[in-house]
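Paired with subunit B in one complex and with subunit C in the other, subunit A is shared by the two complexes that follow.
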Partner chain A sequence: MTAVAPRSRSVLGAAVAPFRSSTALGVGLAFIAVHLVLAVLAPVIAGHDPVATDATDVLAGPSWAHWLGTDQYGRDLLSRTLNGGRYALLVTFLATTIAVAVGTVVGCVTAYADNWFDEVVMRVVDALLSVPSILALLVVVTVFDAGLWVIVLAVTVVYAPAVTRVVRGAARTVITQDYVTAARARGERAVSIVFREILPNVLDVVLVEFAMRASWIVLLVASLSFLGFGANPPTPDWGLMVQENRTALTVVPLGTLAPIVALATLVVGLNLAADGLAKSLGVDRAQQGAGA
Partner chain B sequence: MTDQQTVHRPQAGEPEQRPLVRVEDLAVSYAAGRRTVPVVRGVSFSVAAGRTLGLVGESGSGKSTVARTLLAHLRAGSRITDGRVLVDGQDVFALSAAGRRALRGGTASVVAQNAGQALTPSMRVGEQVREALRAHGEPDGPDRVVELLRLVRLPDPDTIVRRFPHQLSGGQQQRVAIAMAVAARPRVLVLDEPTTALDVVTQAAVLDLVADLGRELGMAVLLVSHDLGVVSAMADEIAVMRAGEVVEHAATAALFATPQHEYTRALLAAVPDGRRPEQRRPEQRRTGGADRPRRDASVPGTVADTATGSVPPGSPVEPPVERPVVDAQDLVVRYRRGLPAAVDGVSFAIAPRETLAVVGESGSGKSTLATTLAGLVPAESGSFTYDDGTVRGDLREPVAARSQELRRAVQLVFQNADTSLNPRRTVGAAVGRPLRLFTGSSSRARVGELLTQVGLGPEYADRLPAQLSGGQRQRVGIARALAAEPRLVIADEITTALDVQVQAGILALLDGLRRERGLSCLFISHDLAVVRGVADRVAVMTGGRIVEVGPTERVFTGTNHPYTRTLLRATLEPGQTELPDVGDGVQRWRDAPGWTDHGDGHRTRNWEDA
Partner chain C sequence: MNVLVPALRRLGIAVLTVVLASLFVFLAVQALPGDVAQQLLGQNATPEAVQQLRATLGLDENVWLRYLQWLAGAAHGDFGTSLVSGEPVAPTLLTAFRNSMLIALPAMLVGVTLSLALGVLAGVRRGRATDRIVSTVSLLVMSVPEFMVATVLVLLFAIGLPVFPAVVLRGSDATVAELLPTVWLPIVVLTLAMAAYILRTARSSTIDVMASEFVTTAELKGLTMRRVVWKHALPSALLPTLNVIALNVAWLLGGVVVVENVFNYPGMGKLMLESVSNRDLPTIEAIALLSALVYVVCNLAADLVALALDPKLRTRQRRTRTRPVRSTRKAHA
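Up next is the complex of A and B:
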């Protein structure tokens, strides 16, 4: 009989273990953390109103007053980039959370149901997956007009099916385990089985899925703004900034470069975190049918 | 290295020969984070050509790690910290990459535990064997492939080569894996639990094949197994491993006759002995003796073949008949329409406080019987009722349609405790859940009490399943079943995944709890030795039908159905150094109508020679 390990230590150990075992995860999380800090402290660091125009100081290069210079309306590029991070992170977090939550619940329920309901839902999922994501987003945004919640809704419609598919794959392997059989044998209700027995055991897959989808959603939201369907013009937004400043690329290259670098570092951070998580949690995305 | 074909092959038993395999003071460590954990410490042995060394020990004793070093293989993260492994005079870990490739499958080859996983599912069997030949520059014509398959005694090799692995049975798959292993005529054969996944009859046949091949080809064989029966029948010498060390190394007969180390003695004592039940566990016989005769005779005519009606009523001297708790008549269970019935017209009964064991090979329908009783698969036809005096119900209904009382009364303990506990929930939660569900309340005190009853302690409530050993997990599984305060426990192969010592503990625990609480039990097992120790009555199943049923001792000693005879003969007993002769495994009987009654409720289904 081995000695009883104090629970607190083991839980702490389990929480810290992934960081020790994966450099990718650590680096990825550091990138994300920097982005979060900058976004939260944006007003303090930047010191300019991101939407205030200044006709006397347009298309200026870097200076003490404007570290990254100004755009064609004389708006401070640093302020816009940092505040753009707030918007990007907020939309990404909301959209990813809702899409992954919906996909996870639907995936677990359909996997457990394994009957006509499962069939119907999965065929609907197949249909949604066959629509190109940017096209589906454009349709939703065009119909409902742009806005934070519309984008969140649109992203949910686009990404929840993919998450559903992945989580369902993971849940199906959990369902064959004897502890699910044991729960069925003692007459547990389906809701209880899904939330007590299945969900906790697909959480590792869900976590990886969250990080992975988040990086795609950041890019998707930026693309949407770039195409003019996302954030409305005065809003500081990375996609919008690239679109606004690309005509002045030769004059103030930082106007385009700054949001692109910000976007790239966030996506790289999310990807590294997702890879590191997958490795340290032992989730094999290829096996879960994540290609869809 | 590569010229092994030209090497002179000494005959078995040839005196004065250089050992083919020499392991010298081997130590292997595994890096877990920053720490290194020694897995194997100071292991030395040698195996000569034509000889077989058995390596036994519980899971985690390092026996597989040692076996695989013979092929210069280490698990990722492990490394050799001391000693060396010499195969055919060469230090395998000093070999170049090319040298290792030539060693693996060329000089030394391995047969893995699960042939179903060792074979590529998308490639025809013949092609896979040909690949093994080609990899070592052997002639790989179709004749050679067929010749190899004939060597491993596969029936009709010409058609087998065109089959895919999933079209073969487990025993046939293992034979193909052996054919591939011996394709390049290796000098050393490593068998890593080669028959664990097979039922007793197939196991005996496969072991017989390996023993003959070892002799014919003059190979040095290293057999790794946790099954003392397998090792004693196969090996010339046995090394017992524990915690990475060899604690005892002796000739087979000597080891079983006079075990020197206390661990070996404990290991031997833990083996359920199917041959001499009266000499073992006398205290159990005594305590169980009082109500045993009444129990045995209490359910006359329980396996009535109603179609023929050939069963006479119980003998007149019997005490008043006790109503069986479970009564099945002509039960048919089918997984899907169009498939053959998994349980095909089975009739049996379980009396109060009785343990009925159902034995049979894999695929005989015994587990289906258990899952049907638990309500996880609905029955197709026949009657299947439950009645313990206070609760009654129809067991044909799936669990969702059963009453709360019936669900509570029938509880299931699973085969594999690793998968029967939710890895994300603590032991306390696992045991507390049925408590709350069936009794309406659950307290730490009550959970602790249940854990204490199964030989753990209240402090285990906060642990996660991953922090427990296999035996401890199985105890939690039993505590979870007991939490509902059942009247009938279904034990589905509960000790199959456990080492012998742990198995003995679990069986004793179950037996004690059963007697203490007056439980009935349906005990499913393929291990006849285990069954003999725990069951009041035994039913033998094959092909979805019961072919023999009777009081345990009568079944083990009396007139038997031919299928029971095959099963009994194929069972390997530790200390028995001869392999049983099970012929070619072809069934030589077919069902005939009616049953023959041998008295005392012992009856066999009639058969005729086929």
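Up next is the complex of A and C:
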């Protein structure tokens, strides 16, 4: 509940240590790496246009031409799954990076300010957190019309407040450290203290936060597509694929299973990485995470 | 006495949070594209008719004024009239809320009990087979989206082995008795979805407590393992889990969206989806307000219970007034 274990000031040491002490991290990163490679090589491996329809070859089982079969419009399921991975990884990476970056900066600044500003920010954060994330997402997506950047914006609105709160908590324990007091005594400017003293020392928390948020964001973006508010058809998106192929589950189970297995392995990888990072960096992950 | 001040402070913050949340949603909803009056009257409406409806709906007035009027109405339980059905929002919302509670409450009870029991068990037997199995399964459950769990359950128990109905065929006018046969599969999905997170928190805090000095002392005193766990470790291990439970309970309200969508269940989540696609502004605002209220009440309850249970929290609160307990709490949605 309280803090984060004693922090080493060596960023390099913190970066290397995890790999020595955690198999979970290694396995998790391996999962993610496989997804990355598949996403990059998708056009080479897939061999079909993910949106090309073929009325003569619908709802087919696995064959030499279509390794995973085809869906109700005759689109190649392997190509759609692989290209869905590109989309999922891109959205997740952008959304997570922006949400975590915004949350981290606001969290550090507000923790350092520790005055009326902090109070105002935290009340706004509380209010934003109290609105169900899916409702906030639906409203943002409806206002701006679905698209890659709108989903990224919506996820930022939903997750930045949560990150802010976590980082602020970690930053407050850093602020009581002697080196921050020393920096203040040296008369350093606030900007310099926030970015050069506080920020580097909450990086372990931020890193765990990143991995954990990413795992939720993958699921959230897929859920949004599944509900029909995310990616527009015929975009190859995992959530959308499940929605489209669910009704034909008994005919072509692979249409639903392929995107789900892809989604689940990516999330397992991210979760394992988050677990491993938390363990080797001494961040209490269970306390950080709650609900989706 | 010293408990009263932080308790009152939390209460004040809770009220402020709900008001702020309602303001944000009100403003965001105003930005939804499309003219409401135009949409209600259809494409063929004359500009005069649209103008008149705008005036009747009060759409031309100042946003802040409308917000205050709406808030005053909401305080009396009057959420306005649905733009789609023309009926008052409050009764529709209450029915949907009741239907959602029908699946959310059992899921909460089963989910919290199950996950606490398994989490503590795994924590006590850290590193052994029980722990490995429980941890792996919870990781898997956490990584599979709800819509998949729901789809698989439908395939198994509605199509493969026709025990439960696959979807609810009744609309929002269904009575509780009519809904009862249909609630089981949604309950299972929600239970699984929320249990994984609580389980992991319970496990990790149990591990922390079991490693602490006072548990070692209890063990060295020669107490039985059973007694050490039940009397010493469990109460302390549950404390950090409280917040996570509160957040998950509050999350259920938003989390029901996907589940209700899959099962076509007439609850809050379905109402939320419908009102967003129909631009039914008063209904969206009412749902947001109700959800924010539930979130805040759950968190407040968790905070107050923690405050009442934990003497450490009380003294820390008093000693350093500039650093309220909230700041050290890292749980969140």
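By definition in this document, the second predicted complex is superposed on the first by the 267 of 292 C-alpha atoms of A that agree within 3 Å, B and C clash if a C-alpha of one lies under 4 Å from a C-alpha of the other, contacts with A are read in each partner's own complex, and residues count from 1 in each chain.
In this section, a residue touches a chain if its C-beta (ideal position, glycine included) is under 8 Å from a C-beta of that chain, and two chains touch if they have at least 3 such contacts.
Keep in mind that this is a model prediction, so the values were computed, not measured.
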| item | value |
| --- | --- |
| Partner chain in contact with A:Ala185 - subunit B first, subunit C second, else both or neither | first |
| Partner chain in contact with A:Gln177 - subunit B first, subunit C second, else both or neither | first |
| Superposition-derived comparison: subunit B or subunit C, residues of subunit A touched | C |
| Subunit B versus subunit C as contact partner of A:Asp126, first or second or both or neither | second |
| Touching partner for A:Pro200 - first (subunit B), second (subunit C), both, neither | first |
| Shared subunit A surface residues [contacts with subunit B and with subunit C] | 2 |
| Partner subunit C, residues of subunit A touching it in the complex | 1-3, 114, 122-124, 126-136, 138-140, 142-143, 145, 161-162, 165-166, 168-170, 172-173, 215, 219, 222-223, 226-227, 229, 239, 242-243, 246, 249-250, 256, 260, 263-264, 267-268, 271-272, 284-292 |
| Interface residues, subunit C side, partner subunit A - complex | 13, 16-18, 20-21, 23-25, 28-29, 31-33, 139-140, 142-148, 151, 155, 159, 193-194, 197, 200-201, 203-205, 208, 239-240, 243-244, 247-248, 250-251, 253-255, 257-258, 261, 269, 272-273, 276-277, 279, 284, 287-288, 291-292, 295-296, 322-323, 326-333 |
| Contact footprint of subunit B on subunit A as seen in their complex | 2, 4-5, 7, 10, 20-21, 177-179, 181-182, 184-188, 196-197, 200-201, 203 |
| Complex contact set, residues of subunit B against subunit A | 33, 374-376, 399-400, 402, 404, 407, 411-412, 414-416, 419-425, 430, 433-434, 437-438, 459-460, 462-464, 467, 469, 480, 484 |
